[in-house]
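Note that chain A is present in both complexes that follow, paired respectively with chain B and with chain C.
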Partner chain A sequence: MADGQKSYLAPDLAASGSRYLIVAAAGAAGLAAGWFINHDQFFLSYLVGYVFWINMALGMLFLLMIQHLTGGAWGVLTRRVLESGARTLPALAVLFVPVIVGMHSLYEWTHADAVAADKILQHKAPYLNTTGFLTRAAVYFVVWGAVALLLAAWSRGQDLTGRPEFTHRMRTLSGPGVVMYGLTVTFMSTDWFMSLEPHWFSTMYPVLFVVGQGLAAFTLTIITVVWLSGRAPLAGVVTQKHLHDLGKLMLAFVLLWAYTNFSQFLITWSGNLREEVPWYLKRTQEGWLAVALILVIFHFALPFVLLLSRKVKQNARLLAGIAAVLLVMRAVDLFWFLRPAVPHGGGEGHHGLSLMTALSTVWIDLSALAAIGGLWMFLFMRGLSKRPLLPVNDPHFEEALAHGRH
Partner chain B sequence: MSDRWDEKAPLYGIIAEFDNPTDLVVAAERAYAAGYRKMDAYTPYPIEEVAHAIGHHRSLVPLLVLIAGVTGGVFAFVSQWWAAEIDYPLIIGGKPFNSWPMFIPITFEVTILFAALTAVVGMILLNGLPLPYHPVFNHKRFERATQDGFFLCIEAADPMFDRTHTMNFLKSLNPREVAEVES
Partner chain C sequence: MEARVIHESLKPAPVIAPGHTFESVTEKINAVVLTKKFGFGWIVGLAIAFMLANLLLLSTAVILIGGVGGFGINAPVGWGFDIVNFVWWIGIGHAGTLISAILLLLNQSWRTSINRFAEAMTLFAVACAGLFPLIHMGRPYFFYWLLPYPNVIALWPQTRSPLVWDVFAVTTYATVSLMFWLVGLIPDIATLRDRTKSTVLKYVYGILSMGWRGSARHWHNYESAYLLLAGLATPLVVSVHTVVSFDFAVGIIPGWHSTIFPPYFVAGAIFSGFAMVLTLIIPVRAYYKMHDFITDRHLDNMAKVMLATGLIVFYGYANEVFYAWYSASKWEQYMMFGNRMQGPYMWFYWALILCNGLVPQILWSKKMRLNVYVLFIVSIIVNIGMWLERFIIVVTSLAQDFLPSSWGMYYPTVWDFGFFIGTIGFFLSLMFLFVRFVPMISVFEVRMLLPESKPKGAAAHE
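Up next is the complex of A and B:
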């Protein structure tokens, strides 16, 4: 298998990846302009861009552990893509620094006077305080970074030696890894995003992040696999059956996204409680209902109906197209989640921030998405270029490649 | 039963047994190319290529499941709406009569119920089950189809079927044995 390993290397991907640095530079310029115009808005927009890309990396880490635990041809085919995405987590820890710098702008509970005047914030202070926030963030990044780098290192060992203990180690770590992933993402989404509106709470909220991460990871994985399948060295390796499997899994995540989001809405709507309802009021009034409907149609209804068809799932271009729509919708979903949370840039009106006001500064969000995304894609592509695109020494390698071609 | 192998005994078809799946797939492809359509293959485990080779088309089940799912969803939603809005309007928890978010879980469940039941029942019926009698079991070696035998049976109902021709054709395909199957 030694020469097979060489043949799946694609060092030219690093050059394609470098082009994303231009995107990153353009985004950084936009972010810098945003910083000078409105500090508070800068930090919230940065958070929108940041969550999109850390969701991507965490989703890939999650899927990587799932495929180690469950096996299957789709896992062997996508392992390198997932590993490369998960390996960006240490870099994302560095990119978290602006969020720490902007804590005072973002989180009402960091203001001593606001807490002093607010009974609810006082009761939450033992959890929602700066020291706790920073300590927990450090723990998340250590856990994610350690799991991602260990899995990648052992996978490298499997590649070079083919010794079975590496396979066993990856499986053994992935079990507790998934548990730790669930716990850290639960606390992360509570700390970083739910606490933007510190009175509000929802136990479904962390699940929405887990599902969103899984879906985001599937969309980019499918786009990457389809793109790679058209060029050397993966040309001819990817079968219709591989695409079909990936399409089925993406459909499952689309359904899960709709199911969990609707569950939170139904519980809030039927409970009709004073502390819960404002979250939806802010996101369905002042123009935001249009965004919600766009999400219902393009994040759920359209991809759901299209992905029901076997022909669509087996068509590489259509599948990648649907994945691209969903990828854009992930950003729209996070914009809808986070932007109405803090009414910076708009008056502190009764209904919160209007969509029009939010759209007037959407370029800062887009700059953040481009700046972090350009850098992320550069690292992702560089990671792909350094290792064979397929785990040739995986015990199920031959079997996975023969999937759908007897 | 001396007249069992009589020329005039009603015939179900002619069956050929192969030692391995590769020979069976080749034989099935050749038979399909020769124009035979009414035939079936019997193997110890599923072999997708054989189904392809004998011209097995996609089943109706997915379409039936889609229709049943949509029917179930519409039925569930409309019946809830009709009960709450028209037949017996009650104010519950200060909510409007047409509290559509409340109808969604049942709509979802009934959609799945109808679709799943249709998938199971439709699959069984379209498979031709229940089937208490099948002539192919008259072949004495047919029990090998669950062990190590790979069978291809061309049925007498096929318009191309001819007792001698078909027999010779199957013999030319490198079988282990060819035999007539009475109906």
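Up next is the complex of A and C:
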């Protein structure tokens, strides 16, 4: 091809990625300590760390399919980031093993005596049982892994050959892929997280996960794109208009997050039913209200007000800064979602675990976040280093690069 | 840089047929308003629609004279056709706002040739929707009691009730939609003012165009005003139907009290709105031969939006079934498996699954999306399906709630039907008048799609 066409390869990213292995090692040491010091707490803390990163990978898979379906400049710019994140899903399947090991301590419905004494658990037993849980988890990982790897492989084919059939295949798979994604995330969120409190149910719950995943993926994608835009080979490629678009989409997800969470809250609060309202009681008493208010302010109000401004969205550093705040808030949100779920000693009384008790073991959660996250970031960066950072043979490529240049 | 060759199969279809110029676009669209004679089909269509609209007058008169007892509502089903039809109409309106506001913010240029039409549809649908709660009140002349105005009769609306939020949501929606539509019309009305030969119309269009002269300053202000209105209208796409869903979900009746209702209602509203746009635009396009501006690409895109929102709606049904079982609550389970699936209204439920769940799956095929006959039929089936959905939600849950001794059936009366069919006639009458007296496609925006409107050397992507 012509000389003007640069190679968008950045092999040096692998070296920066290796640094994350140190984080992973430190996290793993913390986790090992947690295992011995507080074995009871280990598994739920691990789950908090795990859900953060699987949400990230699934969110990237989701956005990847959405950009294949809708096209647009933002898709060209973020494609490689999203692919690289989605390709970590097979590794995350392996990292799921500790959750399986800890099933018995995490999920009340795995205890035969608890089920025998509880009519509701007996009713749910055809769904909430160990075999079903493991089979479904296997199905989820096969579906996610297959979609992620196929999309990545065809994208590579598009890169190398530029043949149109690869583009067609990616678009064709993404439609049913999104449907599969929606269904698997529904059951995944029920199996792994909703069933921590097996009496409770909410039809909005899976939607909260989809939205949280999409938002998490956007935050890290924006941080990565801003970071890459300051160095070779992407320096000068990313324009203010690109950032503006990404900022708009992140704002949309911030709003969606607030909208879905507030809707679930309002409906539960106004109904005030015995089987529903304990979920919020546990999360607004014993100190947890403070966490909820932090979420309202930093997960919604502040980013919302800031992202309304065009100037903020076009300012790379500010945009990445807001994305970083949101990324932290994703972890806080999941901590708030999951940690009050299992007060020690079981039961679903109104007075659950206190925030102070939870904070005394938060170091295990942070270790899990670091251990899984370090490994995840290492894989993510390695993925980025191996392929050109832009899909040069995408039909929207030139249009996307020209976006915002006149 | 050498231009990359994009494979034919990957190029998107054009949003405007090739070969048009500024002049030909203006001529072709405005001709319907300025020069064409009243067509036979148009006159017959308007006559039928207007006759149906008279049914609305008759039914309203009967209800105002005799009271809401003329409707089929009674204990336990106190919300019948009125609420079903209110939700149905207000949902239909959503496509207009989505097309005009959200697609504008997302830089989707294909929206330009259908936004005017869809916005008009929104306005008329909201007008129809508003009639139902108004008449359903029984004493519509006290409607202002819903507003928190200063008064000496110790009257204060219950602000915890979503019915009161509805008043604010719907009136805001109607106001913003009207402003958006009128502002969007100004440059085109000015063109009509300059081109019409009738002195009377010159004055009418002159007043409506608010002194538009098309100066650079006008355009500058216009663009920012339009963008601001789009920003204002965007949350309304979500908020109106969210509040409508709260009407149900904040109660504790099984089948109403479901946390997924807000997003699922919004998706359903967009689904039904796009179905209605297709139902209307396919015949209009054929009658006025607007294929150059409303291309297959438009129909294809609208069908895709319909498929996507339809899948969300279908997901909502499946989600409700699964969690009804998972809840282990006997009320939830009875509502789903006893009442909806096997109860007295089971045929409505299964017809709903057919109309909204199964039939739209045909739109996965591009061939089917490009077949106007298939698309037209699917759009009508979806309209029916979305009506059934509201019927299922409103009626089945009320007919059989917690206490079997208070169960009862709902039978709509002839005035329920008269009122409903009357609003359809009213709506269609307004649509007929609209396509004939206002340019149904935004002329100046379509002109901007032409290659000659692009600055020299710039990439054609805006």
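Simple rule for what comes next: the second predicted complex is superposed on the first by the 393 of 406 C-alpha atoms of A that agree within 3 Å, B and C clash if a C-alpha of one lies under 4 Å from a C-alpha of the other, contacts with A are read in each partner's own complex, and residues count from 1 in each chain.
One rule holds for everything that comes next: contacts are C-beta pairs under 8 Å (C-beta built on N, C-alpha and C of every residue); 3 or more make two chains touch, one makes a residue touch a chain.
Worth saying up front: this structure is predicted, and the values here are computed from it rather than measured.
Taken together through their common chain A, the two structures put chain B and chain C in a clash.
Using the contact criterion defined above for the overlaid structures, shared-chain residue A:270 touches chain B and also reaches chain C. In the superposed model, C is the one of chain B and chain C that contacts more residues of chain A.
Contacts of A:202 after superposition on the shared chain: chain C is touched, whereas chain B is not. For the superposition on chain A, the stretches of chain C under consideration are 44-52, 224-232 or 332-340; the one running into chain B is 224-232. In the three-chain superposition model, chain A touches both chain B and chain C at residues 266, 270, 406.
Residue ranges of chain A in contact with chain B, taken from their complex: 262, 265-266, 269-270, 272, 308, 310, 406. Against chain A, the residues of chain C that register as touching in their complex are 1-4, 6-7, 9-12, 105, 160, 238, 242, 246, 249-252, 257-263, 311, 315, 319-320, 322-323, 326-329, 364, 455, 458-459, 461.
Across the interface of their complex, chain C is touched by residues 1-2, 4-5, 71, 119-120, 123-124, 127, 164, 167-168, 175, 179, 182-183, 186, 190, 199, 201-207, 248, 259-260, 263-264, 266-268, 270-271, 273, 275, 393, 395, 397-399, 402-403, 405-406 of chain A.
The touching residues of chain B, counted against chain A in their complex, run 48-49, 62, 66, 93-95, 101-102, 104-105.
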